[in-house]
Amino acid sequence: MIDFGLSEDQEALQRAAREFLAAECPPSLVRDTAEAPGGVPRGLYAKMAELGWMGLAVPESHGGLGLGTLELAVVLEELGRVAAPGPFLSTQLVIAALMRAGSPAQRRAWLPRLVSGQAFATLAYLEESDRHDPAGIALRARRTRDGYSLAGAKLFVLDAPGADLFLVAARTRAGAGPAGVSLFLVPREAAGVRVRPEETIDLTRRVGELVLGDVTVPRAALLGGEGKAWPPLERLLDLGAIGIAADSLGGAERALEMAVDYSKTREQFGRKIGSFQALKHMAAEIVAEVEPARSLVWYAAYAFDHRPREAARAATIAKARLGDVYARTVRRAVEMHGGIGFTWEHDLHLWFKRARWNRVAFGYPDHHRERLATIDKY
Amino acid sequence: MIDFGLSEDQEALQRAAREFLAAECPPSLVRDTAEAPGGVPRGLYAKMAELGWMGLAVPESHGGLGLGTLELAVVLEELGRVAAPGPFLSTQLVIAALMRAGSPAQRRAWLPRLVSGQAFATLAYLEESDRHDPAGIALRARRTRDGYSLAGAKLFVLDAPGADLFLVAARTRAGAGPAGVSLFLVPREAAGVRVRPEETIDLTRRVGELVLGDVTVPRAALLGGEGKAWPPLERLLDLGAIGIAADSLGGAERALEMAVDYSKTREQFGRKIGSFQALKHMAAEIVAEVEPARSLVWYAAYAFDHRPREAARAATIAKARLGDVYARTVRRAVEMHGGIGFTWEHDLHLWFKRARWNRVAFGYPDHHRERLATIDKY
Amino acid sequence: MDLSYTPEERAFQHEVRTWLKRNMPKRDPAERPLDFHEPERVARAKVWQRKLFEAGYVAMGWPREYGGRGADVMRQTIVNEEMVRARAPGLIGMMGIQMVGPTLITHGTEEQRRRHLPKILTAEDIWCQGYSEPGSGSDLASLRTRAEMRGDEFVVNGQKVWTSNAQFADWIFCLVRTDPEAPKHRGISYLLIDMKTPGITVRPLVQMTGDAGFNEVFFEDVRVPRANVVGGLNDGWTIANATLFHERNMLGSTTRTQQVFQGLLRLARTQGRGGRLACADPAVRRRLADLAIRVETMKLEAYRQLTDTLRGRPHGISASVSKLVTTELNHDLAEAALDILGSYGPLARGNRRARDGGAWPLDFMFTLGLIIGGGTSQIQKNIIAERGLAMPRELRA
Amino acid sequence: MDLSYTPEERAFQHEVRTWLKRNMPKRDPAERPLDFHEPERVARAKVWQRKLFEAGYVAMGWPREYGGRGADVMRQTIVNEEMVRARAPGLIGMMGIQMVGPTLITHGTEEQRRRHLPKILTAEDIWCQGYSEPGSGSDLASLRTRAEMRGDEFVVNGQKVWTSNAQFADWIFCLVRTDPEAPKHRGISYLLIDMKTPGITVRPLVQMTGDAGFNEVFFEDVRVPRANVVGGLNDGWTIANATLFHERNMLGSTTRTQQVFQGLLRLARTQGRGGRLACADPAVRRRLADLAIRVETMKLEAYRQLTDTLRGRPHGISASVSKLVTTELNHDLAEAALDILGSYGPLARGNRRARDGGAWPLDFMFTLGLIIGGGTSQIQKNIIAERGLAMPRELRA
């Protein structure tokens, strides 16, 4: 029996999340967070942790809610809808890595703090080359007597300014292929770690450069097998792609809503502007892109947990499509607003700019299209 | 003093051509020609020859009107406007080749007949590989005692079924580069020449395959230097590109006109459909593409005669753009017509299909975009 | 969410797959689905539908008393999926199965059901649709074909247009004006007319493709029994809207789209372009990937709509979205093929050098027809904006 | 057709080129043209315009008695071309030069011309435009700022919005309602107002880019001499339409577009993408070529419009076409840059890793503003269809 839709529980989660975030994460909070250092709206995150969201996909035996990637996508869609700031997705990626490949000691050390919202974490994988494939990981991790020494810089690290823990991809063996890629847990307070904020136009995100000045970590910092981390890392990137796709879906829905609402109140030429066919068709074209895109997000999240052989393909499709759809939607939404949509005062630009960052995060659309062509053996 | 427009004489030629063709080349003639063998509307061509059009760009000393490529483009635009059938452009290409590289004997043998409309000619350069670069010319011409022997097939030869003379590109030396390409004048009646019609969806063109079954031609059939014909051939292809671009411009203008006219008479929901903003914007978007494209055609024609260093670039730009613009215009024009535009009975499909052929003739848009990138050294 | 089949469904899937492998007629690769213009092909297509019906695979969801199986939607979905996979030919009786049948089941009299439903399934009766008129396209409700009551009969006069398959159809379901005084949406009835009735003339309307799938149908004093009205007199508009919904679903189905994309991919893998295979060109690869993504989107969206059906939830405007998106997508697929084909693109059906029998340029035109037919893209956008987003209605007469 | 210069024109071109080489101020590469938000930059820009004026290169076509050179259009075109080639900074007094100046030359009184024209040229007086109001955007004629006659003065009350450069402008040219009883297009006057007049408040309106180029301008009992009306009382709409034409020309100019494309090309030649230079990727190459073709189209189209001007022919709707096409093109150029930049794309101004000083994402937003401002793309399409193609007018109140 095909059942391609949310369950009752999932729909309840969706409703609850929407209500909660409408109340707790208004645009004013997004703007205030943009001004504050660190970029973590602590109050909001405390409540999110109370609701169990930080450990949403963590088994109950480890203190989580024991839900899956689809539920995570549902929550991420709602977070995207309100353009929520803060390290939710980043932390989820590191939690997923810990659950998949972490040692019992590593889990003990970090899971409770991450699940309770006392600490945040993020994945640091990109470098100057901006490549999302194994060749992008060039930073060397050299064996020392007790562990490893890492030196170099990781760029475009999402939520770096507010992170307490970094999951760093580095090379334990020279080369450009998948072999030799390793993952390390590097705490913020480790000697030699420095975070340099990288300001982007997106006011809702905090991106940073992670500078590792000969940082020494113990052997126990290695997550999974030495030199064997590309497959789990690639899977994390898929999860990131799904997360951003879900966020984009929610954001696009909200931007469309704002534009349609505005068109029903604004008058020009003695008519509501929403009665002009040009605006109606613009809105309809957005609907025709956004509505079906929801299925891609759902399927990618479902496949991530239940269809391992299709997971990468589904994630890549969702990310490629939503990257385009979100960008086109906010562009049209601004046009439907006219001048007012172009001001700082109006909230719409928060989504407009977030869409630009979402488009490139975890691989820009062309990267994913090429990846799909490779997966499908064109 | 910049003067980027037609002169009074050119505008007079344009008006005269438009009037002449409106009277002499109605859609009924186009349809009749599609049914007739050979594809040459003899009556129309006799009158065109009387007007001097066949020798438009031939110096007066050779019996022509002594005009230039811009005037040719003006006439081709008008021919495109009425979707005129027949070997006008093809014959012009061969005439241009004769004027540029033909020997006095070759000119004597062919020019008078071509200029008077007693004979028609065409260029045969494509082969199975469908490549528009030197590598596309693989057909071998082997030296014999008295001349050359050609064996093989030329594909997609415009107006082949009605041609009396073929200008055939062949290789006198093995290879894939420009060196070794030669041009031959091959009369239709030479032994071993066979034309196999290649039916396309375009009812206004006759395309054919030229099969050369060990055709022997004398040394005097060689046009220009042996193995040195790529540069003049490339220039001919530029002329062909400009011609098709001009034809596309005229066709797009006409298709737009038909759609706008229809929208002013057809009523739905108690209104002229042309009063709906969706149709108005569709029409406006076509205007915004077609109107400025005229400048590209004019400039390419002007540059072909007066700016040798910019000629190839301008031709490539005009062809790439008009190939897209014409195709988009007819597609929208059909949509603006609704169901009636989709019928065989309505004339619009003549243009719709011609646009598809124009798009690929003398290089499809992507070929020209890549060529532009190469010319501009991206 | 669950996209796996139950063991029973899997067994059924296996059964269908095996049956198709054994029974499917050979297909001419150049033959376009749902395009029946030769009498011989019509006959073959009827045989094929009959065979499928006898195997129990046609309109499985219909009640048993009318020839259906009373099966759940999943079974029918599995059959549809397997038919796509096998590249099985389409059903010639689609108009009856997808449009008249469901309408009769919901709105018809018991007599109408018993008379028509079984023959729809067996392809004994082929149906065509008489909605559009020369003056009534997008503005369907302005139709002028009149049915006047005289005694126990209607006398029908008028003209329909764009009537697919009328050249061989046995019956036509029509919208006719039964009350010329009423506001335009209120005076319309839904009428079933036997195509053999005297006074009906069918004139083929050749499409730009050269095919004669469409027709004009002329009615001159055509006598139709009163019992052939479906639903109440003057209730035709409501009933037609329910049927239009089915049409959108049908046209918008992703079935054909997936097949076409597979064909495009085969083409890209074999066609040379500028000295290499088309699929080796990064720009072509990305364009194909983009199309693949759109195809995948509509495939999953169809599952979502199916789920809504299974859960008994309203579809809202999803039929309009599907119609809009899928027809545009199909046209874009054909255009991509033409671009890959270069000079081979415009070669016509019958040309020996034409790839895939010259199907691509025809498909390019045919799909443009789909964009226009069954409610143009513009009409779908109006519906999405006005019904889906509650944007203010256009001023219309 | 002739695209070569006369010997005199060539000599003039050489003169301008040499002058620019010697006199052009150094430019911060991240500095966006026509965006003056720091007082220091305003001062520098005034100096630059003054210098250009003294060299004789500003508004050369204006009559000599008002500070112009009475030169032909070709000379001005040559100056414009050379300024693009040299990547010279834009003129801060553009609003005066392109809009008020020509309006005063055509419709102004002798006194108005003598008073204002020379100072427009020297940048002593910077002008801004008071057309749009919060409730009157696309429907400009619905404006509500009122000017009531009291004795020899108008008393102005109301609010303008989207007023570029009001924060440092010396004068504003306004549309105000002088006859509230008349039909909406007929009760409007064109009024010149000194920005130092008491009762004027300027409030910056920050754009989504973070720049404060726009302003709201509030008028509270602002007294303006009657002599400051341009043209007849209540004739403002006609006069404004002539000026709007100039604005469209200005916004639609291809000048900036060519510079931006060159910048995009430099980017593609230096930016890595997936392990190679962006410009080595066939898909990127074709996208660049497509943009190059659109840029070339608008460049040649500008020549064609220039020729129409030189021949004294009407421009028809070409200003609307240029506005529509050029603003969309500029936005697409910026978007192509962002796509090439990948993760580097969203990096903001001031970030040391940002390419070209972070100009691209700002330009992406700025150009979206251009699509909306000065008559949205929708309004331009209406104009093209209704005035250019004579399609039936929209029903408007």
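Labels A, B, C and D are assigned to the chains in the order they are written; within every chain, residues are numbered from 1.
Note that contacts are C-beta pairs under 8 Å (C-beta built on N, C-alpha and C of every residue); 3 or more make two chains touch, one makes a residue touch a chain.
Quantities reported herein were computed from a predicted structural model and do not represent experimental measurements.
Student: Counting C-beta pairs in contact, which comes out ahead: A-C or A-D?
Tutor: Between A-C and A-D, contacts are more numerous in A-C.
Student: Of all chains present, which has the mean Cα position farthest from that of chain A?
Tutor: Result for max centroid distance from chain A is chain B.
Student: So, what's the distance in Å between the C-alpha centres of chain D and chain B?
Tutor: The answer is 41 Å.
Student: Tell me, which residues of chain A touch at least two other chains?
Tutor: Those would be 271, 276-279, 281, 366, 370.
Student: What positions in chain C touch 2 or more of the other chains?
Tutor: In chain C, 282-283, 286, 378, 381, 394-395 touch at least two other chains.
Student: Touching chain D in the complex: which residues of chain B?
Tutor: 1-7, 10, 70, 260, 263-264, 271-272, 274-275, 277, 279-281, 283-285, 287-288, 291-296, 298-299, 302, 306-307, 317, 320-321, 366, 368-370, 372-373, 376, 378
Student: In their shared complex, at which residues does chain C touch chain B?
Tutor: It is residues 132, 135-139, 142, 161-162, 205-208, 210, 214, 272-275, 283, 338-339, 342-348, 350-351, 353, 361-362, 364-365, 368-369, 371-373, 376-378, 381, 394, 396-397 of chain C that touch chain B.
Student: What part of chain D is in contact with chain B in the complex they form?
Tutor: The touching residues are 1-3, 5-6, 9, 74, 77, 265, 268-269, 279, 282, 285-286, 288-290, 292-294, 296-298, 300-301, 303-304, 306-308, 310-311, 317-318, 321, 324-325, 378, 380-382, 384-386, 388-395.
Student: Could you please specify the touching residues of chain B with respect to chain C in the complex?
Tutor: On the chain B side, the touching residues are 126, 129-131, 133, 135, 155-156, 198-202, 209, 267-271, 273, 276, 278-279, 331, 334-335, 338-339, 341-345, 349, 352-353, 356-357, 360-361, 364, 366-367, 370.
Student: In the complex formed with chain C, which residues of chain D make contact?
Tutor: Residues in contact with chain C: 281-283, 286, 395.
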